[in-house]
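Should a chain be cited, it is by its letter among A, B, C, D and E, assigned in written order, with residues numbered from 1 in that chain.
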Amino acid sequence: MQELIDRLKELIADGTIVRAIGWKKGDMPYNPEPAYFTEAEDFDDFVYDGFCGANLSKMMIEAGKLEGKTAVCLKPCDTYSFNQLIREHRVNRENTYIIGVGCRGKLDIEKARKAGIKGIKSISGVEIEGDGDVVFDTIYGEKKMAYKDLMLDRCHVCKGKEHVIYDELIGQSQDTDDADRFEEVRKIEAMTPDERFAYFKTELSKCIRCNACRNVCPACSCRKCVFDNTKFDSQQKANVDSFEEKMFHIIRAFHVAGRCTDCGECSRVCPEGIPLHLFNRKFIKDIDDFYGEFQAGKDPEAQSPLTDFTFEDLEPKDAVGRGDK
Amino acid sequence: MQKIGVFVCHCGTNIAATVDVKKVVELVRYEPGVVFADDYMYMCSEAGQEKIIEAIKEYGLTGLVICSCSPRMHEKTFRACAEKAGLNPYMVEVANIREQCSWIHKDREEATKKAVILARAAIAKVNLNTPLKEGESPVTKRALVIGGGIAGIQTALDIADAGYQVDIVEKEPSIGGRMSQFDKTFPTLDCASCILTPKMVEVNQHPNITLYTYSEVEKVSGYVGNFDVDIRKKARSVDFDKCTGCGECSTKCPLGKIGKIPSEFDRGLKNRPAIYMPFAQAVPAVPVIDRENCTYFKTGKCGVCAKICPSKAVDYEQKDEIVTVKYGAIVVATGFDIINLDKFGEYAYNESPDVITSIELERLMNAAGPTGGHLERMSDHKQPKDIVFIQCVGSRCDSEEKGKPYCSKVCCMYTAKHAMLIKDHWPDTNITVFYIDVRTPGKNFDEFYRRAVEQYHVNYIKGQVGKVKPQPDGSLMVQAADLLDGKQINMKADMVVLAAAVEPNPGVRKIATMLTASIDNNNFLTEAHAKLRPVESPTAGIFLSGMAQGPKDIPETVSQAGAAAVKVIGLLAKDKLKTNPCTAQCDTLLCNGCSTCANVCPYGAITYDDVQVMDHGLRETRRVAQVNLALCQGCGACTSACPSGAMDLQGFSNRQITTEVDAICR
Amino acid sequence: MYSISKNNLDSLYQAIAGSYDLFMPIKTAGQTNYGFWKDGDEGDIDTLKTVRSGKDAFFPQVEQLYKVSREFIPADVASGEDAEKAADTALRTKLNITPGKLVDQDFVIFGMRPCDVRAIEVMDNVFLADPVDSYYRSRREHGIVVALACHEPEESCFCTIFGVDPADPSKAKADVATWLVGDRLYWKPISEKGEALTAKISSVFEDAADAESKVEEEKAYIENIAKQLPNAELSLEGWGAGKTDERFDSKVWDKVYKGCLGCGTCTFVCPTCQCYDIKDYTTKDGIQRYRCWDSCMYSDFTLMAGGQNRQTQLQRFRQRFMHKLVYYPTNNDGMFMCVGCGRCVEKCPQSLNIVKVIKAFANEKEVSADV
Amino acid sequence: MCDCSNGRDILVPQVGVITGITQETPDVKTFRVNAPEGGKLFEHMPGQCAMVCIPGVSEGMFSITSSPTNKEYQEFSIKRCGLLTEQLHGLRVGDMVTVRGPYGNNFPVETEFKGKNLLFIAGGIGLAPLRSVINYCLDNRENYGRIDILYGSRSADDLVKLQEIQEVWMKAPNVNVYLTIDREQEGWDGHVGFVPTYLKEIGFSTDCIGIVCGPPIMIKFVLQGLKELGFKDEQIYTTLELRMKCGVGKCGRCNIGSKYVCKDGPVFRFDQIDELPNEY
Amino acid sequence: MSMNEEKKEYRPLIVAFCCNWCSYAGADLAGSSRLSYPADVKIIRVPCSGRVNPMFILRAFERGADGVIICGCHPGDCHYSTGNYYARRRMALLFSMLEYIGVENGRTRVEWCSAAEGAKFSKTMNEFCEKIQSLGENVRLGDLRCKN
């Protein structure tokens, strides 16, 4: 982390960049926030640890419009999002200095809460360089959890620790991929239609339409979402009836299909813990199955599967009922 | 809100027998926006239209809904009718209550109910209609033909004869294309150059035709009626105006004697000097210096041609020149070549000089060819006794990696031609043809083929050749399977001729990209409609001529060339083009500039520009989509690809369609 | 004081639900949210914080206001000179308005934490101020609030700085105060409404001789924890009524808002946020007009055709916190529009929250004091 | 405040019938609204607004442009600029809308304005709220001193209520009307120039109350002009326009500082506006 | 037969999006050939199957449709060359997603139908209506407010 801070300060000092986007220490040991750093003293609050899960690539849409170059700290998976944003002309590559930062998996404080850890005063063992357990000092005494058990679900199906775009790399990474990316999707596919319907109905009934999933999503980079659009007559604001949020989440997933890099931010930020990535991942799985493997953001030149076709594409009738056979 | 008039047609009893027309009128009166509703026996009749016009004037109608037959039938009629009354023609919607209602339903109540719903949907839609105006764009009265083969030549001549300026761009030093390499043509066996050369000369002398030989299209922008094309005129190193075409330079070129430069025209069966005309009848009759091989350009020494040129036409200092010309229409006539045979090692094409392609055979049999028209083996210059023809080399291939899935169409006929010509000159030659199928549809084609079999006793064997093995004695062993007898055949041959598959000229891909003309998996240009618009590309203003569109023989090529010319003439004859008003439109405030729409647009009608927008008081420069209305055909592919709903289609807007959905589901 | 064994809570729920609608924390798909309890639901009063606050009880996320139905009158088909005029002036659509139904049955909100109970007071100042919102009022009149002490407050809690007592719900404006101590729930009616409710269901309660002492013990336990919470000493100096000028133009805003996504999570989980939108939905038999929660963080919140007065996310971010910490107190005798429940602290996707804002200003003051 | 005596909630509107439409300018129409059974929907004071709604489309806050002294109907002058106004412009006489209100405060015509000289300065559609006051004052002419009206627009075609201005206002006793348009135009022999410039050219004396309404940029420069002429903030009034939804100070949209424009405004004195955060 | 009679009360609501060039013409041909299909089908004309936004389909379901069918030109025959290819991908993914969230298979369908295939159009519609009839009312996708 110190190396990262030093390097960013150096880049500002030598005029390469005007500002950096990174994470600022939170008021709790687990809630650092994405922030801009311009002055040397700003970096006193700079932090990069296991809780810095936010994908900063989308912030470059706005930052790219500012005068001068901006450095942005991107984890390996974030660089896919950035590439995708380049493909869609939403970020200004010239104005960006990408620091690829190492990653040993990001942490989810909810997992600690679920494990009954509360009244947290301080946390140790979440440093990016570390490799031990995470220790919580709480009002109710000391608690321990394995780093892996505290990790966000998405990190268990990590795309790999390679940055697909960067100007320089700082820090080491550790592989965290230890689960099958599509297993959850397969599990749902294996259910009966009634079970599937019940499952999604229950999950989506929690949706409060706060739009956090949409606003955090690097693929949802529309200036004005179609669901805020008064011209289309498609405006929706609340979970008035169980169908509205279904429609919202299906269409949202559809709009990012072929563009979603599976960064997992939607599920991370959902205040109701709805596994929203299951929609996106379903599309990814289908795209892989129907049109060949495709990883959005891997290659900014690659044609997205939904703006492409072959003469022999699968017929829609064959896209369904595949599990029935 | 619109003031809508609803007109329900009885269509005699066609509608009225099943749909209670009066009841429909009664019920639609309650719909929002409707101020007038009536029925009539035949709405499309003179009197019916009069009724509509009267109502428009009397009630100040701003929108019409006609419940009648299919809009495909009479939408135009009713639009014209609206226009007559001073109403914008696009304020008319037709509810199809005949084909999609009265004719297919029997129950009167049910059909009436459905008719009301269909009318209701149309009313809901027309409430959101806005007057649309056809745009206009000027037409540059000049056409460009890319490719100077028989297809390009014929197209250019036809257009030029109609009085329009045409330019031909040909990348080789001479026009003439593949046909100029041929000896005779099937099924009449006329001499190819005898019929082609006059056309080439005509092109050269035509006051309306400008030739750009040894030139390539570099850049295309604009749209139908208004293309801007950059043409690169490659340096010929010979002054066009001074050269008399005497040919002295080629004869004296030292490299001509050393002979290391294979002649492209003779398919490498002969060599040529560094300063050369591809063939004797070349048009224009002005040589070029092949700078890659010329000693002067390589070493700075030599300069023989410049010295001996009587008219001092050789100019080593010449540079490539780029000219920009405006065109109203572009014809792609880039023709074909045969496929590379590297993957067909079994036929020993690269191993033995006596395994040749049909086009090489054409040169070998041509009086102006490398052997002066004498058929001989390239290895030992002996006349071959046993000749084996192998059909479908790379055509109709199952595996696409090796060959092509399509039939090259011309091989069956030219092989019969070759066989007969050889038999004519050297009757004691044994000719065997291995074929998969013999395909001879076409005027006088089958007769021609039967002559080869019956009169000339050409040995046709339905079978596949597995291998051609060069033998130590210089002969070739052909191993094949006779599919009819199921027997293995081993046959000795002196010469093997391969009917290699044709493929579009490899350069076409680049050109198609520049023109945003779509291209299929085999690099053939796609036509706008396979049956109804076979000589037009889906991109407006781009036309197709010859093999670039698909395999065809000379007569077909010429007729297609004529057809393309007629389409071009039809376009150039107009002073202004009316553009389809149902085009896509981008709401710049909603556009993200993501290019998704441009990726799915089949017409290249969407471009991206940085524009200043005023977004609710916020001024910003943004990259946003711009629709070129002259190019957009209104398919709406962009609208469904656009995530934010910025792209919308006039006449079929998002809101209009959702409102129809709502009306139907109400 | 009454008491019931924790194992027996379901019978308490059943007893209440027998006479009232029971609105309480229910666990579904791993999250605890308020909902109307029915047999088989997993009531969950162990979870300290429901994701959404209990404000839905009085101000639901979506509420039907009224319905407008259109009665179409057929076009008057006149002819001759007056035709256009006739077509123009004909009364063609009649609108009929049917107001939404007001709540007219008592219902019970069970398990509300003291902070959320305070939030009701905050909302009262808005909805019950002249002109009174009758939808809200009807719910308030019929809602019986059973408050529950916070057994073990968490580090995100900072209610004490607003004078909320997590240990003693009987100080809150509730109808019944309860404590969950060990395996027993202690129940103490405070208001008349609370007494009435208690009387109706008293049969489920058991004898509890040690109730007072147990509850006192529990209070002390909670108070002790509350003191140790990291934000227990958070200072609100510089905030409050009339502090607009000190805060509004501060440079600190520019530093703290940057990560804000402009989503509505904080506003939707907040127990005091009450901004709403009014929208229409066209159905088969008319147009339903409903109101639903809105968020001042949304970019289209103040958007008009001609522009908007809060153009940037900074302005919107500032609006939310200024509203909570300055504007609202100005209009309401210094009462803050925050109850320290800490939901935003836990739920903000970018880890921004009101505590950070307060701290950022406090730090800024230190810095400027140093200069 | 709104009339809740009929037991209706504050958010539930009444039905209004459009009984007259006047095309004022190419993009402004004035709508006359009555109760279905005839008569006015409600009583209001000058400067107050009401929520007009086309069910299924949207609802918007518009100032009531007719004077309370008009006992027959209410009028709204509406400029076409967005989705709702577009639809409103498509309405015809006989169509129904829903209306709720009146909302907000009003110009202090019965208190501060009484006995004073009044200077009205309006630009474009900004005349709409002022017309209510002007007509109120003209109908109670004895209560007020000299009345000056300075009104300007982009072009002569964009002057709202021109006929009334010429036929009523110009003919009223002790009323001076100054019209101006931004650019020269054929057939216009009046003054040409922006309102703030014209204001300074005329040079009004400070013995009056200034009432300003128009586009923000005009207000800004008029305010400067008035200050230059010696006016104090306390003697200038204006109305603010913000996004509003509820109209009763609850939905939060029009909140600026501790004020809700729909409830505490829309009429503000400039010294009051000065106290608000700069977000209007 | 008895099954059908029992369900006679329920009539599904089916929205069909037909491209102007092939399927709509196919529907016209079905009409002029008097090849009947149930009146439950209501056709919306769109220029191309590529114009059909997934939003339209969900909108139809939201508003109470029981089945939605999209008809376009056969692959390779699109009037606009490629519109139906994109539609094919979009719909394949959308249908798979609908299946995934538990919507019964068969409520949605894509059929390629040329202007010459009046008989196919009619047959398709008959089949589709029968299928929807057997699936019954669409309760999983509709908006409750539209159900009254």
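Here is the rule we go by: contacts are C-beta pairs under 8 Å (C-beta built on N, C-alpha and C of every residue); 3 or more make two chains touch, one makes a residue touch a chain.
What you see is a predicted model; the values in this text were computed from it and never measured.
Visitor: Greatest Cα-centroid separation from chain C: which chain?
Guide: B
Visitor: If you tally contacting C-beta pairs, which pair wins, B-E or B-C?
Guide: Result: the pair with more contacts is B-E.
Visitor: What chain lies farthest away from chain D once each centre is taken as the mean of the Cα atoms?
Guide: Farthest by centroid: B.
Visitor: Taking the mean of the CA coordinates per chain, how far is chain B from chain D in Å?
Guide: 64
Visitor: So the centre of each chain is just the mean of its C-alpha atoms; given that, what is the distance between chain B and chain C in Å?
Guide: 67
Visitor: How many angstrom lie between the CA centroids of chain A and chain C, rounded to a whole number?
Guide: 30
Visitor: So what's the Cα centroid distance for chain A and chain B, whole Å?
Guide: Chain A and chain B have C-alpha centres separated by 46 Å.
Visitor: Please output the residue numbers of chain E that touch at least 2 other chains, ranges allowed.
Guide: 54-55, 59, 64, 76, 82, 86, 90, 145-146
Visitor: Would you please write down the residue numbers of chain B that are in contact with two or more other chains?
Guide: Touching at least two other chains: 3, 600, 641, 654, 658, 662, 666.
Visitor: Can you list the residues of chain C that touch 2 or more other chains?
Guide: In chain C, the residues touching two or more other chains are 70, 88, 90, 92-93, 277, 281-282, 284, 294, 303-306, 308.
Visitor: Note which residues of chain E are touching chain B in the complex, please.
Guide: Touch list, chain E to chain B: 13, 15, 20, 24-25, 27-32, 34-37, 39, 42-48, 50-56, 59-60, 63-65, 76-77, 79-83, 86-87, 90, 122, 146.
Visitor: Which residues of chain A touch chain B once you look at their complex with the stated criterion?
Guide: 88-90, 221-226, 229, 231-234, 255-256, 303-304, 306-308, 311
Visitor: Can you check the complex and tell me which residues of chain D touch chain C?
Guide: Going through chain D, the ones touching chain C are 1-2, 4, 8-15, 17, 36, 55-59, 81-83, 85, 92-98, 241-243, 245-246, 248-258, 275, 277-280.
Visitor: So in the complex, the part of chain A that touches chain C is made up of which residues?
Guide: Going through chain A, the ones touching chain C are 26-28, 31-36, 54, 59, 118-121, 138-140, 202-203, 205-206, 208-212, 214-216, 224, 228, 235, 237-240, 265, 268-269, 271-274.
Visitor: Mind pulling up the chain B residues that touch chain A in the complex?
Guide: Chain B residues touching chain A: 521, 587, 589-596, 599-600, 608, 615, 623, 641, 643-645, 648, 654-655, 658-659.
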